[in-house]
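Reading through the structure tokens given below for one structure.
Labels for the chains are A, B, C and D, by order of writing; each one numbers its residues from 1.
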Amino acid sequence: QEKALIVRFYDDPAGFDPANIFRIENENIAFNIFSGLTTYDGVTGELIPDLAESWETDDNITWTFHLRKGVQWQQGYGEFTAEDVIYSFNRILDPATASPYASELSGIESMEAPDPHTLVITLSAANGNFLHTVANYHQGQIVKREAIEAAGDQVRWKPVGTGPYYLESIDVNSQIVLKRHEDYYKGPAPIETLDFQIIKDDATAAIALRNGEIDLLMRQGREEQLQTLEAEGFKMNTVGNYAVSLKVLNLEDPILQDVRVRQAIAHAIDYPSITAAIAPSLQAPAYSILLPWMDVFSEAAPRYEYDPEKARALLAEAGYADGFTLKVLGTSAQGVSEQQQFEIDYLSQVGINMELELVDTPTYNQRRNAGDFMMAGRLLPAVNPDMILFSYLHPDNLAPGGLNGARYDNPELTSTLEAAQADADPQTRMELYAKVQEIAMTDLPYIPATASNVFWPGKQSVTGVNINYLAQVNFWDVDIED
Amino acid sequence: MNFLRPIQALNASPTGQTSLLEVRDLHTHFLTDGGTVKAVNGVSFEIERGERIAIVGESGSGKSAMAMSLLRLLAYPGKVVAGQINLNGRDLNRMSERQLNHIRGREVGTIFQDPMSSLDPVMKIADQMIPPIMRHLDMNSEKARAEAIGWLDRVGIPDAGRRIDAYPFEMSGGMRQRVMIAMALSGRPKLMIADEPTTALDVTIQAQIVELLKELTSETGAGMIFITHDLGLVARFAHKVGVMYAGKLVEFGPVKDIFARPCHPYTQSLLDTIPPVDQAERRKLAQIPGFPPDMKLPLVGCAFKDRCAAAHERCFVEAPDLTLRGPGHRAACWKPEGLGEARRKDAELVPPMTHSEEDRVVVEVFNLHKHFTGRSVLPWKVPPTVRAVNGISLNIREGETLGIVGESGCGKSTVARLLLGLDPATSGDIYVDGMAQMVFQDPASSFNPKMMLADIIQEPLVVTGWGNRMERAARTRELLAQVGLDESYMSRYPNQLSGGQRQRIAIARALALKPSVVVADEPTSALDVSVRAQIINLMVDLKRQLRVSFVFISHDLLTVSYISDKIAVMYLGEVVEYGAADEVFRNPAHPYTQALIAAVPVPDPVAEEARMKKPLSGELPSPLDLPSGCAFASRCPRATDHCRAEKPLLQAYSKSREAACHYAN
Amino acid sequence: MLTYSLKRLAQLFVTVLGVVTLVFFTMRMIPGDPISAMAGDNLSGAALDQMRTQMGLNESLLMQYLTYLGSLAVLDFGNTVTTKLPIIQLILDALPVTVSIAVGTIILTVLISIPLGTLAAYMAHKGHKTLDNAITGVAMVLDLMPSFWTSLVCLLIFSLALGWFPASGTVTIDDPVQLMRRIALPVLVLSMAQIATMARITRTSVLEVLSEDYVRTARSMGWSELRVLFRHALKNAALPIVTVVGLSFGNLLNGTVIVEFIFTLPGIGNLLVGGINSRDYQMVQTLILFYALIFVIINFATDLVYRVFDPRVQF
Amino acid sequence: MITLPARRWSDLGTLRQSGLWRLLGNSRIQLAIAILGPILFLTIFRSMLPLPGPLQTNLQAMTQPPSLGHLFGTDRMGRDILSRTLAGVQISMFVGFAVALLALVVGLVMGTLSGFFGGVIDRIMMAITDIFLAFPSLLLAIGLVSVLGTGMIPVVLAISLSDVPRFIRLQRSMVLSLRNRAYIDAARTVKASQVWLMTRHIIPNTIAPLLVAASIAAANAILVEAGLSFLGLGIMPPEPSLGNLIRDGQSYLEQAWWISTLPGVVILMIAIGLHFLSDGIRQVLDPRSRK
């Protein structure tokens, strides 16, 4: 008896070419088709070997990877070698590929393969977090030249990787079918077929699960549905704190330029109460730009507890005793969210008049990327702390070119961050990172608001649904018990 | 006095021989939200086999309700509440719907008024005719089809075998009414009910249909109830007449008797409202004042009392029953003579107007053409052209009335619209000295329902900027007085008026700007006989008082000849005869005029019997492709090859008359 | 007939061109473009701009329009922005789903509302107002419930509680049974909204016909009420009904958007919403072109049917 | 033929016979007033009712079923649903009436011009309405809302955009049939201006059916707004429209039926009220229903 798992997929698939992949649900498929040199452990979230059995570096500049032997490509494309890695990375870097992730690999100076199972990568500058860059995610996923060339312009629909599942068929309107890769280097996955059914509406998806039509929900984003499912005894596979949702404060704004104003805002809003009221399952309060599970996370960075008195005092100090108007850019897709209503309430209590500017999603994206706002929000799912810190805080990434929408540029932080990334000594590295976090949380260009939790409710019989911090599930771990 | 026996006794005739149909004390009510309309209020009569009974009466008097009650064909909320309807001894009123369905169409055939809407528009004639024959006569479809074709043939449908597969819309009104007759007769009924079967038709067609009905019923021996408001038709057609008023039969008897010696005041007035034929001097027509009673309200005494010149105390307390006035002649009036002396009291003489050659010519029309050209999308196709008016010349002097007559579609209305400048002429000249104004046929659509009457009458004044408010109000009152209406009407809306009142308002509006000519397009065709007389009298008065010229368009030859000084007879867009009214009417020169006049039934059964009835055969050719010769040749009994080849021109026939016929002399 | 067809063809051309032009410029007036729509939280402005240049969205509007008309002329509908799949193929795959929903709805609606409307009309004609009012009332209540609400209620009842129909599952026309099971609820939901309108139209037109003279003629020939109702009244009343059926078919294509979303049906409504959300110009333009074509063709077909029903109308 | 009850009322005649009086006398309209009246009354005077504000949250009273304290219950943020519903009625009614008014005015003007003058104007107008009618109304709405942003005005415009062509068509067809009435001819014989004909004769006679259509359009607009809300394009929360109230509560149908059902009932009542209203107007204005 073959095992087959029916999984809800929550949006139209957009393709699985690692060089041009978007959105978590697509990344999840790619995660199971491809492999990286490293990958994340589903339970602990740690970086673990994948195609690279081991690696070494002395200076965080020269990285030597020892590749696993006997790894087979899916669909008869032969054995995996170091050349495949070099091809994959060069493909990302090739401007003709137009990959938005090219910058991730731009630090690579050279790549060499002394033998088919050894790869030496030399970086132009030290990078202590390089293992994240080559993990099974976006640019880190290794593709096969022959398969890419055979696919032509349909690469995104003809992914060939070395992961536990391969893409058998896809109907972009309704269904994605993955079959297990029998020659997977860890051995074939327990489940033969993964049948992803597109169900966009959360309520419908919950009904389909309760009806037994599907086995596992990829995501359930409605609090009330989660409660129902939990009450009915479904398994609530979850990962907490997977990403922080930040308030981006535009430092070029004359009012927000003042750090006291920013701190006042942080003190004024009681996010723990808000999350408890509106989405106790799906959200948790966040206190830092990084998440506690990250290895470089520092407990020492300042926290901004709810303290309206202090907020008022800070505002008065800054010369805004009578408050001011805070314009917040938001998407109109859902109107004023419940969270925003609470924010308005809380801010008004310290005299800040929060005014929402609601625009549709594309406009929102456009303006947010252009840095055309006073305050906006952003959620950056990442496991690599550098990804977060560099994107948000480094002057190279100032908006509109990059994600530093606050236009934050503190030379002290910049140099500390660069040093932290370059430093080979774990101890100093941690100290430097702690300092970065302290500066960032003192200057407060971004205010951490909430952290999201991800749920994949499923039948009790479905086991091994371990969601990593990229909100992804490695289906090699998943099994169906009788 | 033997014949004064009450009717009940009469009906229970001891001979034992039952009538074909015996209706006793029929009551039909309409249970509306606003109250119960007692539309038929105790009607009794009987028909013998082969007898034709005409039912006449004012609009709303319950004629249709009575006829429809017989077969329970009333629409909701109508209901037969009491009475017996004995057909060959069986009471239809006590039959179930299912039983009645065996009577309908088989024993009793029905013909309705409007041939245009009485046939199912989306079904072929065959599909409407054959199944009932199969059902009623128990025939197979082939035989039924042959039978149907036979009937269509009988009613004069040319090429019946082919036409049976046509749709109703492919036939003219006259043809459709023939189909209706064929359908009604196809079940070989013993009784025919015809509710105004000819009202919607042209006089010529009307004559054909009446002759046909007469012929066919006497052939099959069917009895017939024939509803009409045209007394001329009654005279021509019926053996007996029933006069209805306010839901009751007020007079019933043999046709000659009733015309010669009407006993009920209503019947008497009715007969007097008809323009007399062949009288040297013109008298005013009789008018029936007032309105019929509201049949929702309870009635005390005689229903006609308020409008009766001879009413006395008893009429107000007790309603008279039908009593015998002669053999088979019964009337419901307390007075044996009806109006008696009061009759003809106000029939004053209309002094003839003096016309002279010096009178100003107010309208002159020369060689007028109006062609309606359709549109053709394909450039190489010639668009179809209707030559509605095809070269006519006329003139009207001050104070003169020109009557225009002719069959439907001959271009009368088009001429009117051209005179008023509503449509541009294709070619030819129209000269109007002063202003032309109009009175339309349909009193209901001639007014903006959202406007008050004062505003309607004043509209021409306001639009042309005549006077100030006060002056206009004064003029409005003056006009209302001229048309015989009270000032209180000023603040009413058109829907609050009767047809006759509306037509008065239309005339008032037309006169507002003191026009030199008023064009009246069928101003009386939509009106009841009694009201028609009022409007005609009014127009006759006005033309004398104001010396306005009138153009009076109608297909009612009697009325036209009564009111007009000159008559133009039109046929297919052309004038075929034109001259002094009396002369044209008394001594028609053109065969078409002759046929028209022959077709007009005169309200005198004796005269009708003596008249030669040679109804015009055939129908109007299509105005799309007119024949090259005389347009009338296709229907003319005297047509020759010469006629078909060469078109006769309008030529002097006598001093005051022109005719367009090669053989007019 | 030839004249008529030529006229309709010209009309069709003008309408479709107008619609296409309108949608072309509307789409570009809407803020945001395919690239900004694609951008999630983790893409930077620079990365996006590079993609934008690559896709040639920086040419002048007029140039883009002319290019578009040019590609239309050779029936090249292009690929989607995000998935690079041939649009025409996607539409042709999705069309059967939507069309079966629409057709199913029409059939169900007609099956229910015409007898219902006829019955109501008959009752009204006979003066039985209560039943007439009850029928119109129930139909109206059904009509007035928002479809997204009834959809969920139907799911809860028929799918969850009763288990009659699945809430999810693939849909292809290759598997008619599954297709039927999947579209049953959407069809039910959509019909609810249509039944009231259609029943009302039926009621009005049958009622009107019932007081026509020819109905009385038929009754005077001894036909039973039933035969009169169905042979004469309904046949004549069919004309306005046909028109409404045609029109509502056009509108239905609109209505499927919400049910396709809730019932996760891969129809063209789904494509449309996706296309708009991702600002996929080419996709939306092509879809609207299809909508307009279908609409115009249905109007044309309605007209033809009308002419078949009514012998009086000539070509 | 016709007895005139008005005779007795001659001095009162104008009032008695005026449209308003006849309207008020119609049973359907009375029914409509009976349904819509209280809803409107409560909506207008809701600030005087002892109700919390529609936006006032209360974390102590979250998701409570209907009770004496909260007649319609509360939602997830403890807001009083009755209060929100009444506020929603105000917004939805505004949307409904604004749509109806817009469609009415534009339809009236364009339809009259098109029908009355015919020719090129007419053909252009018909081509334009054809295009708009062939355009899926939802896309029109989405497009417009996207261009103008969300909010009352865009929603009203978006919804009316698909109603306007229908109204133009309706008005045009009525004008075409009125154009040849005898009373228009009568006015033309005295050389009445085109403006006079249109304003005095045509429009007063078409306004009634347009009103009927408008009241249907109003009811429809309320429902379309609800649909737009579902797609996130209608009136935006926290501003309550009946549509987004239903949308918000829809996913709690199992857990808290009252959140969406009670506003739904109110929508239903409004729509039924408007339906009776239109039916009443139709009845009053139907020449066959007149005495």
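Following the convention adopted for this analysis, contacts are C-beta pairs under 8 Å (C-beta built on N, C-alpha and C of every residue); 3 or more make two chains touch, one makes a residue touch a chain.
From a predicted model like this one, the values you see are computed outputs, not experimental measurements.
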**Asked** So which one's got more C-beta contacts, B-D or A-D?
**Response** B-D
**Request:** Please work out the Cα centroid separation of chain A and chain B, and write it as a whole number of Å.
**Result:** 90
**Request:** Could you put a whole-Å number on the gap between the CA centroids of chain A and chain D?
**Result:** 48
**Asked** How many Å are there between the centre of chain A and the centre of chain C, using C-alpha atoms for each centre?
**Response** 40
**Message:** If I count partner chains per residue in chain A, which residues reach a count of at least 2?
**Reply:** 203, 359-360
**Prompt:** Residues of chain D touching 2+ other chains?
**Reply:** 146, 250-251, 254
**Prompt:** Every touching chain pair, please?
**Reply:** A-C, A-D, B-C, B-D, C-D
**Fill in**
Residue set of chain A touching chain D in the complex reads 202-203, 222, 224-225, 227-228, 273, 277-278, 332-338, 341-342, 345, 358-360
**Prompt:** Which bits of chain C are touching chain B when the two form their complex?
**Reply:** 2-3, 6-7, 125-127, 211-214, 216-225, 232, 235-236, 309-312
**Asked** What does chain C use to touch chain A in their complex?
**Response** 30-33, 36-48, 50-51, 54, 82-85, 90, 93-94, 152, 155-156, 159-160, 163, 166-171, 261-264, 266, 270-271, 274, 277, 279
**Request:** Using the touch definition up top, name the residues of chain B that touch chain D in the complex.
**Result:** 34, 58-60, 291-294, 417, 420-422, 435-438, 440-442, 445-452, 456, 459-460, 463-464, 488, 491-493, 495-500, 506, 509, 513, 528, 531
**Asked** Which chain D residues qualify as touching chain C in the complex?
**Response** 127-128, 130-131, 133-139, 142-143, 146-147, 219, 223, 226-227, 230-231, 243, 246-247, 250-251, 253-254, 260, 264, 267-268, 271-272, 275
